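Every chain is named by a letter (A, B and C) in the order it is written, and numbering of its residues begins at 1.
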Amino acid sequence: MTAEVAARTGISTTTRFSPAWLAERLQGVVLHVAVIGLTVAWMVPAAGLLISSFRPFTAINSSGWWTALAPPYNFTLDNYVKVLQSSNMGHSLFNSFMITIPAVVIPITIAAFAAYAFAWMKFPGRDWIFLALVGLLAVPLQLSFIPVLKVFVSIGLVVQNWGFVGVWLAHTGYGLPFSIYLLANFFRALPSDLFESAEIDGAGTLTVFFRIVLPLSVPAVASLVIFQFLWIWNDLLVALIYVGGTASVAPLTVTLANLTNSLGQGYNLLTAAAFISMIVPLVVFLTLQRYFVRGILAGSVKG
Amino acid sequence: MDLSLLLTDVPTLLFVIVAVPAVLGAYIVGGEFLVRRLPDRARGSVRPWIWVVPALVFVTAFLVAPAVGTVFTSFQSHEGGWIGLTNYQRQLTDFPTGGAWIAIRNNLYWLVLYTLFVLFFGLLLAVLFDRVPYESVVKSLIFMPMAISAVALGVIWKFMFWYQPADAPQTGTLNAIVVNVFHQAPKTWLTDVSVNNFALIAAAIWGITGFSMVILSAALKGIPADLLEAARVDGAGEITIFRRVIFPLMMPTVVVVGTTLVIFALKAFDIVYVMTAGNFGTDVLANRMYKLLYQADNPGGASAVAIILLIAVIPVLIFNLRQFRAVEARR
Amino acid sequence: MSSVSYDHVVKRYTSDLTVVKDFNVEIADKEFMVLVGPSGCGKSTALRMLAGLETITEGEIRIGDKVVNHLAAKDRDIAMVFQSYALYPHMSVYDNMAFPLQMKKMKKSEIDKRVKQASGILGLDNFLKRKPKALSGGQRQRVALGRAIVRNPKVFLLDEPLSNLDAKLRGQTRVELQKLHRDLETTFIYVTHDQVEAMTMGDRIAIMNAGILQQVGAPGEIYDHPANLFVAGFIGSPSMNLVPVTTQNGNAKAPGFDIKLPKPVSAEKGILGFRPEALTDRVADDGATLEMKVEVVERLGSDQFLYGTVGGEMVTARVDPRMKVAPGDQARLGLDLRGIHLFDAETEKALL
């Protein structure tokens, strides 16, 4: 174990200044240069845009963002102010919340119900239905837009009448296979003794679900919430189809996409707008990263 | 910013936050209440359906039924008449540049390059990062693009690929490097057909590598340390250990990540839509479907493209199901 | 009344998978009954049918006078301690013990009284606020017991409750469980695969194998008079020596020895059984003897175990530690005829 730590951290276990020591040192340096170099290179695209978003309009168009790193420093909040004033970013932010929150709550609740049944109840066809759900994970969503939209239009379930109800329902349908898959796997891994003990203790199905299964599944549910939140908040396609590009109902992604197409050369506003759209997911992501990673792992490295 | 609109809407949002869970909670409590009033025998067979039916209804309504509907639409004309395979014919005509062929070619580019590079970078970063003490920091930084929408990602990369005429100062990062370091003429990355597909794929790789890195890194850490120590004691060098011990043990995870990436590659849409809208020979199937439906008002053609996409996914789907059953069988 | 009776109970999963076959046991009120057998013998299934966790395919199970076949687990007035303890990981020790009472919609004050009482008995007073994760294995085990005690059940069911404890703690807990049984004056049904636990704890033992009940009786009775070959081999450690013999004129013969049986038997072929302690280094002139080729000698201080062969059959002897013997020796040992058993080679039933 200690030898391994030494090897991993590059702490030398050989005599100082011997050739072996030098070789080891050199390896360590190369490793650190490679790691930090790759990470910095990875950061460049985002960093460039972030720095640009604080540069004045004229500077963005006349010199590269890296020139701003050397004095004289010339930073400004103008771009952010302008974006918030001129476009309907603020309203889009609200729309994003309005679309995302119910579209996270509804599918996860319904998925938890179903996952409980798939994991701990017996009913005819259970395994086949579950297998079908796994299969649906791979089906392209694009397949479903045309028929669903036709039905929505024919029954009047459109933004003008019902607001975001249509897009909530659609996101529920699309989010369910993955949510059920993840939760059922987690529920199934709970020890069966707990359920038997609860049965002897006289707990009914509801009690078991709300007082034992859910409290024990907080990590899985949390990771799923983050997943679904990021997926819906960042979604463009479903929003474009069911909500459309109208300014008053557009979520951030749609507004930003519209800006991209319309502003074209007015890059200064776009830089700021892009970062405004990232704030919420980045906050969610950075504070709850641990759960997010756990969810990804549960969803993909099973078995 | 229209604050008045916000104020009228905030109560709606609050109402929704409270009402939606209340309705769902009431459903399940009510359902159980009814089940308990059933005779003993019926209870056990009715109860599971109370719990799964909402999910089944949604999945059927939004995924299964529409998929079937799309199959039908793909055989119909704009007016609804039955026209057999005509829609498919139109999409698959004039190989290699007509119909959907460009999109199919590009999806193949995506499939191969995107999948391989994401796996390669994910593996490389996982292995390198595993050896440094500040692993969690660098991992977070690489992982961060996962939180960003494809639209924002598109903005970031448009900025990377920005083009100015050769005599003007280059403000795009890549062209600045091309001009100042390699002393070449600046490239129009997104419109130049020789590079633009690869430019889009590069942007997508940047966004998703964190995903593959995190999973592969977990698999790497799952390899017992004493196994590696045993290999070292047996006299294997680090590269041999990676090739003969680490990689084979990570193979199942690489396969899982790989199939997920293949599906992502086939479904690619957002980045293309935001950065080039599928112009300049960068179209992909999902974008073509979108364009046919909304810009060309051709639901039959769009459905045909969607079915072509589905057919492309089917092998992956079958593979996934097999894997899943194999895992289940071991439980 | 909290006796338990199994009346021709059968558990069948599929037509060719029957895990409990025609199981009949009467367990008296306040008795400590141990169900013992190798893993997969059906003992846990028998217990779980009583608990209401498995359906009963055929036959009847009664608690007191009441047939419980179709009663829900919670209505059977039983409590169960699981091998894994099945503690709810997100609840404190207090809540774990209070949970079954809350399910009965008991008054808060009554719940509190009972939990405090149980925690007093089990020495858990200082741990009530902790989560199971913060407890040692022994403490967790006691919480599981506490959760059973608070319910004041008619019957206690324990499914291998000691197998997750280390050896030292297991010995200690064995004693505590016996004390608890005395204090609570309740029927205990205890499932284990460990014959030492069975021998030391049970008022009576029921031995099962392959879904079939082999023998029921007090520990001493079973040890001294195993009803068949399986019980003879299963109970006792080291296990009984079993040597195939031919019987003729009231004598049992095998290569290496020829002894007179205490009473004549009809069968011609049998299996002679004798425990290691039936062998001794003191050879009486007229007593039965046998020649043992010693291969391994284990000196434990209080005992000396010899492992070797008698006429090609593996035999273990437990002799006086002062006996001088080395591997490779040919030892002449006396056999105490009071401790021999003979089993029919065909039916495996005891003949003596």
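Keep in mind that, in the parts below, a residue touches a chain if its C-beta (ideal position, glycine included) is under 8 Å from a C-beta of that chain, and two chains touch if they have at least 3 such contacts.
Computed from a predicted model, the values in this text were never measured in an experiment.
The interface carrying the most C-beta pairs in contact is the one between chains A-B. Relative to the C-alpha centre of chain A, the farthest chain centre belongs to C.
Mean C-alpha positions place chain A and chain B at a centre distance of 12 Å. One finds 58 Å separating the Cα centroids of chain B and chain C. Every residue of chain C that touches chain A in the complex is listed here, in rising order: 51-53, 72-74, 78-80, 82-86, 88-90, 99-100, 103-104, 147, 151. Contact residues on chain A toward chain B in their complex (touch as defined above): 1, 3-4, 7-10, 31-32, 34-36, 38-39, 42-46, 48-49, 52, 60-66, 84-85, 88-91, 94, 97-98, 101-102, 105-107, 109-111, 113-114, 116-118, 121-123, 126, 129, 131, 133-148, 150, 163, 169-170, 172-174, 176-177, 180, 204-206, 209, 230, 233-237, 240, 248, 252-253, 256-257, 260-261, 267, 270-271, 273-275, 277-278, 281-282, 284-286, 289, 293, 296-297, 300-303. Residues 191, 193-194, 196-203, 207, 212, 215-216 of chain A are the ones that touch chain C when the two sit in their complex. Within the complex formed with chain A, the chain B residues making contact are 1-3, 5-6, 9-10, 12-13, 16-17, 20-21, 24, 28-29, 32, 36, 44-45, 47-49, 51-52, 54-56, 58-59, 61-67, 69-70, 73, 124-125, 128-133, 138, 140-152, 154-160, 162, 169-173, 176, 206, 209, 211, 214-215, 218-219, 222, 225, 228-229, 252-253, 256-257, 260, 263, 266-267, 269-270, 273-274, 277, 286, 289-290, 293, 299, 302-303, 306-307, 309-310, 313, 316-317, 320-321, 324-327, 330.
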